[in-house]
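Going by the order they are written in, the chains are A, B, C and D; count residues from 1 in each one.
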Amino acid sequence: MGQIRLKFFARYAELVGAEERELSVALPATVADVVRLARDEIPGAAALPERPLAAVNLRHVRLDAPVADGDEVALLPPLAGG
Amino acid sequence: MGQIRLKFFARYAELVGAEERELSVALPATVADVVRLARDEIPGAAALPERPLAAVNLRHVRLDAPVADGDEVALLPPLAGG
Amino acid sequence: MLSKDPISPAALLAEVAAPELGGTCLFLGTVRDGPEDSGITGIEYSAYEAMAMAEVQWILGEARRRWPATRIAVRHRLGLVATEEASIGIAAAAPHRDEAFAACRYVIEQVKQRLPVWKKELRADGSVLWVDPQGRPAVVGPA
Amino acid sequence: MLSKDPISPAALLAEVAAPELGGTCLFLGTVRDGPEDSGITGIEYSAYEAMAMAEVQWILGEARRRWPATRIAVRHRLGLVATEEASIGIAAAAPHRDEAFAACRYVIEQVKQRLPVWKKELRADGSVLWVDPQGRPAVVGPA
């Protein structure tokens, strides 16, 4: 099992009612697996999209990117900087 | 005959030793005719190029543009604005 | 790079100025309140700050590799930004203007695509909307 | 538009600012003193002033026809401009950044091609050169 720190921002943080959650996932796993698990297990997270933008350890990644024990996985609403 | 006010700028004014000269030209005439006459008759103006940039009444023109009595004809060194 | 304080164009320009750099391009993005913006009074910016800082450094690194003689400075506001105030400022100075325009443009395009920053529109009628630049804003507050 | 006073970026930005214009692009051209500039201490700018004023109005008219929602301001220095000071400043504000960049770029390119302005480089060794951007500078003073 791997321990993932899952982060929510902006509208996603409002939907989940939190900015951060710990999640245990069976490894090997991808970001998509983490999203699936989060939507099932975290209250409010079922309202998140199935395929959100995501980052692992501060870098943009695709949903098929692998995750490792200790990773910080962030789910990002549509970007609106500038 | 037409009366032309001929203006010199920057390096051309230094070569001619003046910023302005009056010139009488036989009409019809073009800017090229005015330049030819100036190079022949105005002291120092022989050092000007045969085909300088020119403007008539504040607008860029080609050397085959016509001139009329009372026109202001300016001979412009290579532009270096900005 | 991320700051709650107003963006100073003069500070950005001073940061990139150098005797050998003859062309400087500054871009400012300001919070609009036009006829199509239905009474916006301000925008509340939030960010994934650690990632935004890292992402800007990567973007600046890319720009410096592409235009090596260029100096670039970036500021992005966080928190409440009132209409007509700048939410982002980018200054790029280069030996010649081509590089200055290109580097400034590159940075703003990449920032828009990559920076983990979000905005909530605050409207005169009291409603609050998360902005999705690719889609429609979603009402999340009282309308 | 033509002025012996230093160019104020803040004044140019204020001149074009408007609530509905979310993107602003400022260009500054400054007098360089880089390694290739052989000890320039300043540049003396002169102009055919009446024509330069008319030409800028035509250029601005063209830009406004092409990008109708845009506000543009231009300043060009005359007289002695020291190194690192701006000789030209252009600000363009538009509803979106594409038009702001395009209008600003259009104006500087047209100014460079069309404005009857000349410059004399003043060098640390006392020499003075008229600058021909298309060719070689011609020494006209003591070298």
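Everything that follows uses one rule, which is that a residue touches a chain if its C-beta (ideal position, glycine included) is under 8 Å from a C-beta of that chain, and two chains touch if they have at least 3 such contacts.
Keep in mind that this is a model prediction, so the values were computed, not measured.
Student: Using the contact definition stated above, find the chains touching both chain B and chain D.
Tutor: none
Student: Greatest Cα-centroid separation from chain D: which chain?
Tutor: Using the mean of the C-alpha atoms as each chain's centre, the farthest one from chain D is A.
Student: Roughly how far is chain A from chain D, centre to centre by C-alpha average, rounded to an integer in Å?
Tutor: 50
Student: Suppose each chain is reduced to the average of its Cα coordinates; what separation in Å results between chain A and chain B?
Tutor: For chain A versus chain B, the centre distance works out to 74 Å.
Student: What whole-number Å value describes the gap between the mean CA coordinates of chain A and chain C?
Tutor: It comes to 26 Å between the two C-alpha centres.
Student: Would you please write down the residue numbers of chain D that are in contact with two or more other chains?
Tutor: If we look for residues of chain D contacting two or more partner chains, we find 29, 108.
Student: Can you tell me which residues of chain B touch two or more of the remaining chains?
Tutor: Correct list: empty.
Student: How do the chains pair up in terms of touching? List each pair.
Tutor: A-C, B-D, C-D
Student: What part of chain D is in contact with chain C in the complex they form?
Tutor: 9-10, 13, 17, 19-35, 37, 83-84, 95, 97, 100-101, 104-105, 108
Student: Note which residues of chain D are touching chain B in the complex, please.
Tutor: It is residues 29, 45-48, 50-52, 54-55, 76, 87-88, 108, 111-120, 130-135, 138, 140 of chain D that touch chain B.
Student: Within the complex, which stretch of chain B touches chain D?
Tutor: The touching residues are 7, 9-11, 14, 55, 58-60, 74, 76-82.
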